[in-house]
Amino acid sequence: MRLLIANPNATAPVTAACVLLARAAASPSTEVVGWTNQQGPPLVDSWYADYFAGRPLLRGLRAVVPSPDGVVLAGFGNYGTAAVKEALDVPVIAMAEAAMAMAMPLCHRFAIITTAPRMIAYTEELVSAFGFRERCAGVTAVTMPPLGVAAREDALLIELATEVERVRVLSRADLIILGGSRLSPFAEPLRKLTSFTVLEPLACAVQMAESLVRLGIVQTKTGKYAPPPQPFESYE
Amino acid sequence: MRLLIANPNATAPVTAACVLLARAAASPSTEVVGWTNQQGPPLVDSWYADYFAGRPLLRGLRAVVPSPDGVVLAGFGNYGTAAVKEALDVPVIAMAEAAMAMAMPLCHRFAIITTAPRMIAYTEELVSAFGFRERCAGVTAVTMPPLGVAAREDALLIELATEVERVRVLSRADLIILGGSRLSPFAEPLRKLTSFTVLEPLACAVQMAESLVRLGIVQTKTGKYAPPPQPFESYE
Amino acid sequence: MRLLIANPNATAPVTAACVLLARAAASPSTEVVGWTNQQGPPLVDSWYADYFAGRPLLRGLRAVVPSPDGVVLAGFGNYGTAAVKEALDVPVIAMAEAAMAMAMPLCHRFAIITTAPRMIAYTEELVSAFGFRERCAGVTAVTMPPLGVAAREDALLIELATEVERVRVLSRADLIILGGSRLSPFAEPLRKLTSFTVLEPLACAVQMAESLVRLGIVQTKTGKYAPPPQPFESYE
Amino acid sequence: MRLLIANPNATAPVTAACVLLARAAASPSTEVVGWTNQQGPPLVDSWYADYFAGRPLLRGLRAVVPSPDGVVLAGFGNYGTAAVKEALDVPVIAMAEAAMAMAMPLCHRFAIITTAPRMIAYTEELVSAFGFRERCAGVTAVTMPPLGVAAREDALLIELATEVERVRVLSRADLIILGGSRLSPFAEPLRKLTSFTVLEPLACAVQMAESLVRLGIVQTKTGKYAPPPQPFESYE
Amino acid sequence: MRLLIANPNATAPVTAACVLLARAAASPSTEVVGWTNQQGPPLVDSWYADYFAGRPLLRGLRAVVPSPDGVVLAGFGNYGTAAVKEALDVPVIAMAEAAMAMAMPLCHRFAIITTAPRMIAYTEELVSAFGFRERCAGVTAVTMPPLGVAAREDALLIELATEVERVRVLSRADLIILGGSRLSPFAEPLRKLTSFTVLEPLACAVQMAESLVRLGIVQTKTGKYAPPPQPFESYE
Amino acid sequence: MRLLIANPNATAPVTAACVLLARAAASPSTEVVGWTNQQGPPLVDSWYADYFAGRPLLRGLRAVVPSPDGVVLAGFGNYGTAAVKEALDVPVIAMAEAAMAMAMPLCHRFAIITTAPRMIAYTEELVSAFGFRERCAGVTAVTMPPLGVAAREDALLIELATEVERVRVLSRADLIILGGSRLSPFAEPLRKLTSFTVLEPLACAVQMAESLVRLGIVQTKTGKYAPPPQPFESYE
């Protein structure tokens, strides 16, 4: 099967990093293909960026040929996830919903660590929109450096571990979701620093997309995710 | 004061109709200006259309000169409402949230009648996203004709009145919100057919925008609606 | 239009202060009239006081001649808000519900600062009863001096600013509602001390009452707020 | 022990009927005393009547000598239940909260049948205010004749049985609470018509009041139900 | 009447202590009989222990002759409470649900102190399963010594008092439920250390069971708690 | 990898049918092994049966050698799912939670069709306990014949299709979960009768278990699913 790893932002190195992670999480027989939202913003750091990302994401994903067997939206955000599911006939999974769905059977309550304090409200809305508020103990944040500036690994790991501990004490979460693809590389080292289960969302999404493709199941095309009622061209 | 009535879709006659309604609802001293999202879709009839509308809406509203004193988003949808609030420093009100906010002190529970069965799930998500689920008895729909085809007024009125009655019996709603600017012209005749309070959202939004401008209050710019962290140009 | 600013307690200086605030918030053409609940308690500081206020409030407001065009309940409480809406045929708005309704489009979550720790549970019930729990991050309190003792302005402002900061850190609220008419005069100086949006509820209620009067909309008289089933005299 | 059965309305025959029911439900050693809210309304049939009942209820109950060991509020409503709990140092139980508390261990979901369609919204607010929304499948109504007109027993029983059946099918409730003291006499005959568990709230309240008196437990007087902060006289 | 105090675990001294507490809480004419789940685990300290307790509890309680008039499950847990209610035709009350039901009319929000940090998640699930989440401010824990090791009374009391204070400040609870029969003996001394209302669940359950027996009410046998569909023997 | 398909009841033909379904859903390299709870009840048709199933299930699964890489609980129920997760160090997935987790990204709201009206309340509790109430539109039922009596395929299919249609109209669900392993064989023919997405839970659970094994993720063993605090033998 062929999975498209769609980076909603325009930053190619993020796509490349995501493809590596996805490749490591995918089954050997799965072909992993990266895709960059070249007309999108460099980073989805606000609702403003989210809606700037959505339109070219939709147009771009519809144009991919040959059509992949499944699509993973490789960012911890929205940018029109529901619209992509309407537009495509193959399974579409956003990495945030995959991580939360997979967390459900694993814990009492999960916490999400996002990449900037500014994104906490945005992420809480995401949790609600995807229907997982019941088990979300809270959203917290570390502070990633600006794009292009490498995070000092040691300092960021300590910051992550501190947040994990704070979340454990304050909100009794017992599982952590890393809320942003730029945090994904820190999953493995963070697991060594903490006894908590840490979910890396891209891996969750790759597995869930593979599952759906294998089972021949797609988002409900006769209900919420029915195709838009007009011909696609008419929306542009 | 100068209020911009921003039509999220590209259909100019809808803008014109909205301006008429807004003009009738506004205070005499308020200047009402229409704006059409010319790169947007003809109609917001899906999540797909919603995200197609968002990007040109954001870019367009930022470019309006002179800047208005307040902005009313004249459609019963989302298309990046939060993003517009981040981008602008003046009060921004979507007509759906204005209607629901105004309904709260007026009823036990409200129901929303939207323009197509396909938009029920979309509208339920909107109710949740804007935080009004607690008092929403449900969302129902009539079936509007395609754009450009005039609705047969009599038939549509009967359909609306039937839905109002169904909603009263089944969900014990005691207030109706018309969920779409194309339904707004039917508010007045519908009120004659039913003893229910019927809210026409555009009027609610104009009033609420005027209130915010008068009180000098704007969406919280140090919290959820802080400006995007990067210069605006960098998102394009 | 003529708005009645109904003070639910018997303390005339509070009425006078409220009229000044309402006057400042109202449109120039609006006539603002104060009304004091002379058989009510000096202050609504408990559920006990709330129910002592309700009966004379109802009898008194029904007797006002000429009938005003709208009524603002100028206290951050309940004292039979629903009963007043049943009894009158003109729009009735309690200042708490107006502030919360107006906060909805402006923030991620609001916090309320009330006038005494004893009123926190009371106010949380109010938030629930008015249907706004979804977006309320919490209720907190300062400690107002007893009636008749002037608050030391500096000390109270510092106390308010401290609560604002505490609320920001602990509950991630990004908008503050001042929960009591005695706190209303501090809205303006508080705004100078904090970057938060601060809502003064009386101004919100005046604006919302004006809106309803202009639009000719009243609480639903065929549903929840139908007139009591017996002649008014029979209840006494 | 001495229990006061406080009828919130002014209709003495209702008090007498309640005393009979309470007497039948109480332990042999319990003294049951009736009390009528003589300045209250003839019937609590609206929020308006509720607040008219509250003030004389509070003043009257405080004046009862000798003080009873526990107080049962013998109406399916609010009329300042929280205020009575603030004012008195003995256990106070409203019959609605007693019935709902007792229903919790007995069923999957309960339904309430109230005495008039007009009281459905009122009763739903009561369920929320008392904290039992989680397990309430819904509120429905029969139509009682006006006060003074005897209900035709046969017809009312059939109406009750019909509602029970409707509730079973539509909302999957598996326990019925009779929501009004005028319905209490129908509990026994209704049980013969249906296999459902039917709770008569006054009996529940008498039992719960006895339990609290025996255990020496009272509503929390250092928290929500602390005495009002001023001397009682000062509220009048 | 004859009440069975069923200890879900196999530790006879716990049964004995429960019988003493129940005897003190019961009416003089009530016969209190202890029962130990001899094939159960020594202590219910996990979900694992919970399900180990359930099967012999069910088989054992069905075999008790003569059948008691009511059954109190004397542990702060689940171990098949719903299954016992299905199996028996007499009222069955778990002490956790009795305490929570009785707390509802007494407070704004209750907190539960359980016997081990490990049991917090378990107890939060219990609160949800029994339908009382609305008013539960949170669950916290002290650390009981292992079975057979006597708790140092002074130290445990101080630990309990500290938790009560922490809960008051952090979660605004105003009533405490002791969440485990091993904590029950500390209710009385704890009440001397704090002004809070402290509920001892076994006493609540005894009172509620007596109430149900007196009123002739049993868990709904035509709904959720209908007998299992097959003959009892066929399940073994 | 080796997956254990654990049938919580004692009926070997059900195990065999589940193994076939699991084998069809599993990856080619996965070894699928069936396991029957021989001391369990013939069918889990009540809470009573649920707790009868739990104890031998726990003891039996701990004793399986060699230990599998993951365990699928092949029934649409609870029977100590949390306890199994405590007891084992490998991923454990109940088929109900897998189906609901997988449904989340696929639909607006899902409905569950269970095997008997008696199981509706049980299943609704299951939805709550697993944390998926937010998106569950409701639970409904068909009527399966007793164990050992073959379902008449045509009649059952028609009954299923009728329920699907009813659920679509009444609750606006847009995805169906078959709530019971005896219904699993009907998934495929049902899909031919309806345009709805139909989830067969066993396939979902097999896929999710494979995902967890591949990613090396297990239920949180330092939080909710920590091992029981005492040696396993001590619970018996």
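Labels A, B, C, D, E and F are assigned to the chains in the order they are written; within every chain, residues are numbered from 1.
Rule of thumb we're sticking to: a contact is a pair of C-beta atoms (placed from the backbone, for glycine too) under 8 Å apart; a residue touches a chain by one contact, two chains touch by 3 or more.
All figures in this text were calculated on a predicted structure; none of them were measured in a lab.
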Intersection of contact partners for chain A and chain C: B, E
Where chain E and chain F are represented by their mean Cα positions, the distance between them in whole Å: 30
Junction residues of chain F - those touching two or more other chains: 108, 121, 174, 223-224
Category of the chain touch graph - line, ring, star, complete, other: other
Complete list of chain pairs which touch one another: A-B, A-C, A-E, A-F, B-C, B-D, B-F, C-D, C-E, D-E, D-F, E-F
Residues of chain C defined as touching chain D within the complex: 41-43, 45-52, 54-58, 79-80, 82-83, 85-87, 116, 118, 121-122, 125, 128-129, 223-224, 226, 228-230, 232, 234-236
Residues of chain E that touch chain C when the two form their complex: 108, 172, 174
Complex contacts: residues of chain A adjacent to chain F: 25, 27, 92-94, 97-98, 100-102, 104-108, 130-135, 173-175, 195-197, 199, 203-204, 207-208, 210-212, 214-215, 217-225
Complex contact set, residues of chain D against chain B: 120-121, 124
